[in-house]
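Next up, some structures in structure tokens.
Two complexes are shown next, each including chain A; its partner changes from chain B in the first to chain C in the second.
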Partner chain A sequence: MGQVIQKKDHSGKLLLPAVVVVALITQIPFLMTIILSLLKWNIKRPDQGISFTGFNNYREIFTDPNFWVVIINTVVILIACLALCTVIAVLLGVLFNRDLFLGYFCRSIIIIPYFVMDCVVGIVWKTLLLNPSLGLNYYISSFFGFSPIDFFGAYSLVTIIILIVWQWTPFFFLIIFAGLQSVPGEVLESAQLEGASGLQTLLQIQVPIIKAHINTAMTLGLINILKVFGLVYVTTQGGPGYRSANLPYLTYRTVFFNWSIGEAAALAVVTVAITLFLTQKFFSATTRH
Partner chain B sequence: MKKTMVTLLVLAVVMSTVFASGTAESDADVVKVASVNNDAMVMMEKLSKQYTEETGTEVVFTILSENEIRSKITQDVSLGGGGYDLITLGTSDMGTYLDSGWTEPLDPMFAALSAEKQAEYDLEDVIESVRVSCSSAENGLAALPFYSESTMICYNKEIFEEKGLTMPEEPSWQEIYELAKAADDKANGIAGIAIRGLAGYGQNMYIFGSIMNAFGGQYYDMDWNATYDTQEVRNAWKFYKDLMQYAEESPTTSGYTECLNLFAQGKAAIYYDATVSAGTFAGKDSLVAGKVGYAKTPSAVKDNNGTIGGWGIAITANSRNKDGAFDFLRWATDKDYVKLVQKEFGYAATPSGTRYSTYDDPDYLAAADFAEMTLKSIASADLMNPALNPTPYTGNSLPNLPEYSSWGEEIGAELSAYIAGQKSLDAAIGASQRLIDKAAVEGGYR
Partner chain C sequence: MFTLNYEKRRYLIFSTIAIVITFLWIFPIIYMVISSFKEEVQVAIPRLFFKPTIENYQEVISATFFKSLKNSIIVTLGTVLFTTLLAVPASYALVYSKVRSPNGIYFWFVSTTFLPAIAVIMPVFILFQKIRMIDSHIALILLYTGAGVPMMIWLITNFFKEIPSDIVEATKIDGCNRWQTFYLVMLPLVRNGIVSAAFLVFIITWNEFFFAITITYTESTTLAVYMSKYMTQQGYFWGKMSATGTLIVMIPIVLGFSAQKALVRGLTSGSVKG
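Then we have the complex of A and B:
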């Protein structure tokens, strides 16, 4: 009787190149960032050299009152933008999920802001639209006889939130609209025959069916909104004071104005930790049921 | 297999030798310039074609916005990248970069030139205060200026005439306040004064620094004790906030460009900023061309508060073509180059504030009504004594300290929070004092 030779399963090795590439691209730079965060290194003072400073950079960050202002700003921006983007995207999705005159055209117009670069959005809104001296803001205010609103000064954080919502709602809309289009027509017809109102159909039939789409849009939105930098940089530069600064902008300032590589690396590590924590918490909360 | 590996290794060595020698050869024929994106440097890029025709050396420019080029240059020189032969540096960086060993001292390079070439360049013709601003106290000349500036007052003569106002030639800050208040007519879209309020060490701090100096304030005493929480500095902060009532709408988001555009559009009566702006106001796109009057930087308890600013070009310490870089640097900053710019781009484009000879030219003086005040503002700025009392640092509103970009940026944010009414004077000044004090300790000054 011939012996059955069991061959070893080497298929796992096929993954090796991909694992190596991913490790090189993502994990090694992150490890380097962690190492840098433990150093005292000011690029502008080469005479002071580079020295190991333990967790001093982290202590500096956590004892800086402005850091907590920035954390609060980041959370406020995140929650407000996620909520507004989702609600507006669902409403737009319902609106366009029916035969409308010029529906295709309007749908295309709506998604344009998503394809415009952050910095361009900022420049257009700051200089052409909301500028209180030379922009549309001035001309509309003059027409109605009141003082122009200082959007980027007095209401900088709210204005930043509005711009992020303007830019990112189309992204939410694309995903949620795809979900709404996949809802079977028969289900909606049955609901109609049962006498469900439009609001009931939306909340009790459509939204539960497209829950996975909403979760996907919000999770990806969370990651992307946490990373917003260009808009803040171009419009308010985080000001006045730290009123509209978020974590990415604070990291940029720490690198390119303080030139403190260790402190900037520590800030980057904190940002990554916060992003992972929030994403994981959000994901587990939305998939629990 | 072994044979293949050996063949590949030999091939790699041969290829790298060929490419390395190729690079070495081409280094001598190429000068790489990292430059800030302003009109003067864009013109230089265009005119560098003529230099290439004359010498056969190619000049390659990397032109980026101010913030981007500052960070790119700092990264390159501090980490020894060697990506550029020439770099543009702001006034406050020139001396510190040389002291850090990132750029090449120019004095020995000039000394090595023949007497004929030295006379041809005529270093003495470069305005003295500008030469000082381009130097380190310890290591001498760090860069050569391609345009230089100070600060001055510009005012719209048409608006002043309508309102029956008169601008003194050497006003005080109190007079500027009264004039801005009288000229302010926001109901008709006219701001009393266009003045930077956007936070940043090169934005509101550039302007406010000169106001603070005028009011008798300073950052440190001679023992490097922070002297920011004083009555003089508090008076300057209060004055700046009061003045902002008559400034542009949304002052905390208005930087150099916003204020420049506002005045050029005829929407501000007074403008306080860099002298180089006068060229823009005289340009064909300006709505105020021919209507602008000029006055010296205002005073308070101290006079001569103009801030020497502008840009210079330095040779990087890691340059592989220092001789070629020095040759192009001289070409691009000598007297003939000034003439070349005037010929190709007109008098308004003249590299201002660099050479005495530019202001001896009657044609230029006739074409640029701001030239005289520009020279006066630059020549009177006292870079070595910025404050009323002695200071351990030099530099006017931007102290020549490597850490200034860090704490200057933070104080700029505090100032803007105070202007916006988000912070009290005590809180903002207190935070600033702590920042300055900490910088003195961490920087090893005290």
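Then we have the complex of A and C:
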């Protein structure tokens, strides 16, 4: 494709500004984060100074029981959300992949949660919908005569999962629906003529054809669900205790509450390592046939 | 006769299910919009029938709201502008220039979007504080541009690749120089893709919270930070909160509608063939 224009070619330089900006803002700070993770440095305690501590920060976080709670939370959130988003999105896709009254309209409307600011999402759910002492949650439970569920207390992790699923399923749906639409109608018709049931058609014909779309949705979902921060910040603040904190939130707290730069940097490096590890595992698991 | 009825019934049943599910799914948004037109007490103790009031909006539209709105607009438009100026030439060069391993560079860009914000915030925070750029528009714009450029390159490179090569060849024979070819021939073909990608960058920047809460304090706080202030309110300001939320989400939703198609095309083109 690039061979069309053969003359001496300096247009490759057009890449340079983008490469420089992206490197300066993403790669170089990340390399510096790795260096910071080897330092003992508390910003709010200049008297203690900055010193090199090797892997002490890592040792410290790995021996902190709260860290393991947060790791488990992060993995639980990730697996639950990926599974729920994918299954619901496939079901929605099958539902909408036919002639429907107002089908196009509904399809465009149901995407909305993906475009809504997560701070707004979190606060609206936390107050209007799920608050146990006022609002809809209280109203409905007192109407039926039971005590309202405290979504942000004992069930905070489940609530976070519900909110993420609500916000991210539309994104999965967007991609998976595009895949379902690309399945030729004749294929489905001939499956029907062969006497395949709806479920058989879905699992044995449609899902294999749209596998690439499902993989794309899940990979992008994985990356973004691991990054979730605002939702946790405005709803549970990771609480009670650490019960609904994920890795980004724990790292944020370590920087901006404890001001412990070294430790927070170590947490950030661990987060990146986990992201890369999971993405890679996911890639190799799904591209193998 | 029977089959026709059967088809018709299926059509009705599935349409109803789809409409009900859609309604339930976006109910939180609808409920927020409705609540924004209620008096506070009607929000706290939900009432189905009420006389709509715009009182909440009148109170919400205040100096601090406008300041955050102004900041959000400056930061978001600045980001979209810089991102487009950097990403469009880069995508062009990845497809039409002789660079070493364009695929490698393309995937390097894509891979930077995997990087969580917490992985870069500490050095950036320390640096910005040293050079007194913390709490400034330009600091936010820089960070968001760093995140937006890879996103946009990811979404639009394939639009450049899909331009039929005989069209490009023909313009060369007609004596167009490269700039003319780009401007007169390619740009009209990829314009929709670029606009949609710009919309998406707009939406993501507008909604971004992590950088906004960490590197702004008072002067450059965006709407996301303004909104987060409502998180501790215990039921006295839910009407105003709903009004604020409604105002904040309007623009992204409208832009989102028009970006949907290109979003799917861009995101799936890298990994999905055909």
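What we mean here is this: the second predicted complex is superposed on the first by the 264 of 289 C-alpha atoms of A that agree within 3 Å, B and C clash if a C-alpha of one lies under 4 Å from a C-alpha of the other, contacts with A are read in each partner's own complex, and residues count from 1 in each chain.
Just so we're on the same page, contacts are C-beta pairs under 8 Å (C-beta built on N, C-alpha and C of every residue); 3 or more make two chains touch, one makes a residue touch a chain.
Since the model is a prediction, treat every value here as computed from it, not as a measurement.
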Just to be sure I read the superposition right, which of the two partners does A:K126 touch: chain B = first, chain C = second, or both, or neither? both
Pick one for A:L95: touches chain B only (first), chain C only (second), both, or neither. second
By the touch definition at the top of the document, which applies to A:T216: first (chain B), second (chain C), both, or neither? second
When both partners are placed on the shared chain, which of chain B and chain C touches more of chain A: C
Once chain A of both complexes is superposed, is A:T279 in touch with chain B (first), chain C (second), both, or neither? second
Between chain B (first) and chain C (second), which, if any, makes contact with A:A154: first, second, both or neither? first
Looking at A:T63, would you say it contacts chain B, chain C, both, or neither? Reply first, second, both or neither. neither
Once chain A of both complexes is superposed, is A:A264 in touch with chain B (first), chain C (second), both, or neither? second
Identify the partner contact of A:I109: answer first if only chain B is touched, second if only chain C is, both if each is, neither if none is. second
Quick one: classify A:S51 as touching chain B (first), chain C (second), both or neither. neither
Chain A residues contacting chain B in one complex and chain C in the other 43, 126, 131, 133-134, 235, 255-256
Residues on chain A engaged by chain C in the complex (per definition of touch): 1-2, 4-5, 9, 11-15, 17-19, 21-22, 24-30, 32-33, 36, 43, 92, 95-96, 98-103, 106, 108-129, 131, 133-136, 139, 166, 170, 174-175, 178-179, 182, 212-213, 215-216, 219-220, 223, 226-227, 229-230, 233-235, 247-248, 251-252, 255-256, 261, 264-265, 267-269, 271-272, 275-276, 279
In the complex, chain C touches chain A at residues 11-12, 14-15, 17-19, 21-22, 25-26, 28-29, 31-32, 35, 43-46, 86-87, 89-90, 92-99, 102, 105, 109, 112-126, 142-143, 145-147, 149-150, 153, 161, 165, 168-169, 172, 178, 203, 206-207, 209-210, 213-214, 223-224, 227-228, 230-231, 233-235, 238, 241-242, 245, 248-249, 252-253, 255-257, 260, 263-265, 267-268, 270-274
As the complex stands, chain B meets chain A at residues 67, 70-71, 74-75, 78-79, 96, 100-102, 186, 189, 191, 198-201, 248-253, 258, 261-262, 265, 267, 402-403, 405-406, 409, 413-414, 416-417, 419-420, 422-423, 443-444
Footprint of chain B on chain A - complex, ascending: 42-48, 66, 126, 131-134, 138, 142, 147-148, 150-154, 156, 235-243, 253, 255-260
